[in-house]
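Take a look at the structures listed below.
After this come two complexes, each holding subunit A, first together with subunit B and then together with subunit C.
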Partner chain A sequence: MLELLPQQLVNGLALGALYALVAMGLTLVFGVLLIPNFAHGELYMLGGFISYSLVAVGISFWPAVLVTMLVVALIGIALDWTAYKPIEQAPGLSLMISALAASVILQQIATIIWGTEPRTTPSPVTGVIRAGFITVSHYQIMLFAVLIAAWLAVWYILNRTKLGLSIRAVSQNRDAAALMGIRLDRVRIATVVLGASLGGLAGALLTANFPVYPSVGTLPILKAFVVLVIGGIGNLWGAVIGGLLLGLSEVLVAGYISSQLQDIGAFTILVLILFFRPNGLFGRAEIER
Partner chain B sequence: MKYSKVLAIAAALFSSPLHAEEVKIGELHPITGPLSFFGLPMSRAMQLAVEQINTTGGIDVSGTKYTIGLLTGDTQANPTIGVAALKKLTAEGATYLVGPLHGAVAPALKPIVERDESLTLIVDGATPDGLPTGKNIFRNQTTVQGFTKPIITHAGDKKIKTIAFITDRYHTAQISSEEADIASFSAVGTEVVAREYMKLGDTDFSAQLTKIVAAKPESILFRTYPNEAALMTKQARQLGYEGTIIWVVLAPPATVLKNISSAEMEGVLNGYPPAAEDLAKLGEVNAKAFVEAYKAKFGDAPGELSALSYDAVYIIKAAIEKAGSIDNKVVNQVLAGIQLSEIPELVNVYKAQPDGRLFNNAGQADFQGVVHVWKDGHWVPLSAASN
Partner chain C sequence: MRPAALVIPSLVAGVIAIAATQASDYVLYVAMAAGWLAILAISFDVLVGYTGYISLAHGAFYGIGAYTFANLTTRGDWNFYAAVPASGVAACAIGVAVAGIAFRTRGLYFAITTLGIGLIGFQVFTIADGLTGGIQGFAGIPSPPVIFGLDPSLEHFLLTLLMAWIVYIAALIFTTSKIGMQCLAIREDLTLAKAMGIRVGLVRLLAFAFSAFFAGIGGAIFASASNFVGPESFGVLTTGFQLVVAAVVGGMGTLWGPALGAVVMTSLPEVLRGAATYSLLVYGCLLLFVMIFAPKGLAGALSALFQRIRRGRKGSSR
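Our next item is the complex of A and B:
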């Protein structure tokens, strides 16, 4: 069985890369704006459908992905203005209920526009590379590459730009940031745009290999919240590592224990991490004042 | 003058077909959700049957004409929603029911229907084999083993020595028949060397397939739904598996091709009962008429299961007419003994019981699957493809 380990590791990392892409957008919005954005799964779903529609009208895949990210970013802003911003000062539970309502509404809108039939975009990359014990599909390589590129881009924005400095400041102390003259509304829009476009990107990549349908975002968003808890809420690096860990744990449980326990294995790891590190692998304890 | 007009309108209304006697049939299919690609054609086939019956005089109950009112319950392939849909249908007066499709929904409905003799259920889905009772629950779809049986025979004929299973762990029907299938394969000399599991909605099967490919079985059998089977086929080939891939899956080609290219599907085998279009190609007159009528009305092909739903409506009609009553208790007794020859409108080719009945004592019709092979974008019966 050990001879299968390299292949299972590749399988796990590829699955984890998709989880990480979804979780990156979610952790950004949750970390900065404190919105438990359950509708992020629907932004992911809309990314899939919009990319599918653009490719269907003749736009090639990569330009379609860029347009998709832009459109989903605009949808994200509209979502924020209608579902979250008006109840900004309300208790966290209200935000959570509003997020769940937005999730259902977006699913219904997608059902009206695209119907319930699953749809898939022809993959821009096909074929596999076989080397020794390992087989990697070109699609999996593309996922890794996009994950690294997305992480680098977001890292650059957050750590090397004035806007990123503002976002980090708001994330650390919202009131102090406002007192320093940071425009909270601009930071809010920038965060939403970044988070939503990452969701759109993940969705667009999804349709290149898997079918998209209105409820396709439900399971990934649950997994993304698990990733957030594993990696630490609001931590970009944690989202990437958490996603990869979750993918690896699911595959290794299915590969070495039993495929009947695949989901149980992932959530067992979540409980264990919460038990030993309540703030996640990369999260820091905060003092409530 | 005004009163006479009102009276005239009222008289016209009460004498119009709107107020004719009506038998309400409720359908329980996944109109939305992950299995809507099956549920919608099944619903449409029932609409077609109801329209045909109503426009040709309805149901004749001892000289009184009844029209059929069709009520739709959307199960979304979810047991909880299925039970809610059943309650809604019965509250609206539907005592004759057709469905469900999904193996997980059926066991949730069974206890409710079973204890109420004033209900009649014709199951047209691939549900667990213990579902029909022969009292007020009957099934015209084949048994779960009816799907696998032709594959087992094929494995024996081709002397396939080893096979691996991947089964949907929430597919009640497939899980319940797993041990029996292993024994049946063993009886024809085929050893099941690996058993892995997945669930509806999964997209990544690499962990399970890596293990299976390492076990080097001559064939892999996918016991699940079409989207997942197509993705598994693609991923198995990507992982270098070169053996025969076999499905026991009702899989519309349009759904399959949303997940995998036709070239990657070439040569995949599938065991399932022949669809109406298969039967039409074989010259079955009723199947040909059904396919043409369906296409004319809906502008689309009828798919794999819709003829079962269509047949279910005609089975109910024949039983009510023979009973001479719309009382479900009487009709249920008639259904238990109805002869296959008494329902000439049936599209599917059922085999009569030794005494000529449609259903056996357990309420199960004899409707067997055949082996199909994927060829040029379609499933083709293997016997036809070999010729």
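Our next item is the complex of A and C:
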């Protein structure tokens, strides 16, 4: 069994990379705008379907990914305007229910457009690298590369641009940021666009190897909430590390204990962390309104 | 508690019971489903509406009640009247354990903790086939006894209605008691409630236990009336979500609002069945609409309407 360990680690990290990409978008929107955006899973799903459709009409994969990110960002803005902005001042629970409603609506729209049948895009990257015990597919390498690129890009925007400075200011203290002359509406749109396009990107990458169907976003978004609790809400670095850790632990649980326990393992980690650290593993100040 | 608070729900239940004698089997079935959801929504409201803690684990408590009932009646040969309260006690016991974990957190973290617990519960239901029948479900659960010698579907509905009435009255007594008042204090300001000498830990634990107990009872009634239960009924995104919707659409913190919400949310998909593909879509849009335009739910909107009518009358008599 032990000789399978390196392979398990590679597979776990690849699964974790997808979780991390989904969690990055979620944590941004949650950390800055305090929206527990359950509909992020549906942005991920729409990203998958849109890139599938674009590739199906003959656009090559990478341009299709870029267009997908743009379209999903626009959907994200529309989602924010209809579901979240009108109840900006409401308590967190209202936003959560609004998000659940939005996710039902988006799933149904996707069902009407694409049907319930799973669909896959022919993978743009095929082939594997073999080294000793380990087989790494090019797809897995691509996932890592995109995760690192996306993380660097978001890090750069947040830490090296004026827009990023205002986003961080709003996430620390919304009122003080507004008093400093920061345009909250611009920060809001920028955050939503960043978060949604990350979701779209993750979805587009998903279709390159896995089937996509209207409810494909449900489990990943729940896992992304686990990642958020591991990594701390609004913590980008935490989302990446948390995502990879979750992917690793799931694959190890499935490989060495029982594949039935894979999901239970993830949610048990969540509950245990919150039991011992009620504000998350690297918990910052509590988010409450 | 004003006497009207007891009389009105009893009258409503009586009227529904009389109307039910004329209803078709199909209508009775839908009404029964509304009754199960109402039992859940009312007990859920005691926790969410009165203490302000949002539990997403209630689908699992519902399931624990249902599976406990199923096991006791099929393998244990318990009769209906003993198995129903026992199912409530089982759900309550698990609920207290869950509360011990979840109350370490607050606000959205509480919601996420209970979400995790609810998901674990659902997974356990699918895996523990020995007790739950796994994904195939648990079949052959005995029906409730027929008391009045009426048509079984009518009897089952009347039983559900009676149970919903009992839950409502119990919730009313709980929320208007001293403990209920203390729950409200916790909802409004936890720190202030502590400073006032309210035993916050105990009071909210009682609210959680009450809520889990009746969710378990609801599960037992559901299992008995449908003879078959499967894990998909007890998921976070199925029942767990539905009852959040019922409570919110109905109006939290009013008890009758969530009951009304349960009826609306159950009958709506049936009314919309003509456009089967779009029923879930409409359901989602309606939920969003209520969230944005009527944040206090149907109960809030109706109360505002009554007040306007009353004020209008006063104005015209002057």
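Please note the rule applied: the second predicted complex is superposed on the first by the 284 of 289 C-alpha atoms of A that agree within 3 Å, B and C clash if a C-alpha of one lies under 4 Å from a C-alpha of the other, contacts with A are read in each partner's own complex, and residues count from 1 in each chain.
Methods note: a residue touches a chain if its C-beta (ideal position, glycine included) is under 8 Å from a C-beta of that chain, and two chains touch if they have at least 3 such contacts.
Quantities reported herein were computed from a predicted structural model and do not represent experimental measurements.
Look at A:120: by the touch rule set out above, it reaches subunit B but stays clear of subunit C. Look at A:176: by the touch rule set out above, it reaches neither subunit B nor subunit C. Touch counts on subunit A: comparing subunit C and subunit B, the chain ahead is C.
After overlaying the two complexes on the shared chain, residue contacts for A:267 are found with subunit C alone; subunit B is out of touch. After overlaying the two complexes on the shared chain, residue contacts for A:94 are found with subunit C alone; subunit B is out of touch. Touch criterion not met for A:149: it reaches neither subunit B nor subunit C. By the touch criterion stated above, A:78 is placed in contact with neither subunit B nor subunit C.
Contacts of A:250 after superposition on the shared chain: subunit B is touched, whereas subunit C is not.
In the superposition on chain A, subunit A positions 111, 260 are in contact with subunit B in one complex as well as with subunit C in the other. Partner subunit A is touched in their complex by these residues of subunit B: 32-34, 36-37, 169, 196-198, 201, 203-204, 206-208, 210-211, 214, 227, 231, 238-240, 255, 258-259. Note for the complex: subunit A touches subunit C at residues 36, 82-83, 86-87, 90, 92-94, 96-98, 100-102, 104-105, 107-109, 111-112, 218, 222, 225-226, 228-229, 260-261, 263-264, 267-268, 270-271, 274-275, 278-280, 286-289.
On the side of subunit A, the complex with subunit B involves touching residues 3-4, 7-8, 11-12, 14-15, 111, 116-120, 128, 130, 135, 137, 209-211, 213, 215, 219, 250-252, 254-255, 258-260, 262.
By the touch rule above, subunit C contacts subunit A in their complex via residues 54, 101, 104-109, 111-113, 115-117, 119-120, 123-124, 127, 237, 241, 244-245, 248, 277-278, 280-281, 283-285, 287-288, 291-292, 295.
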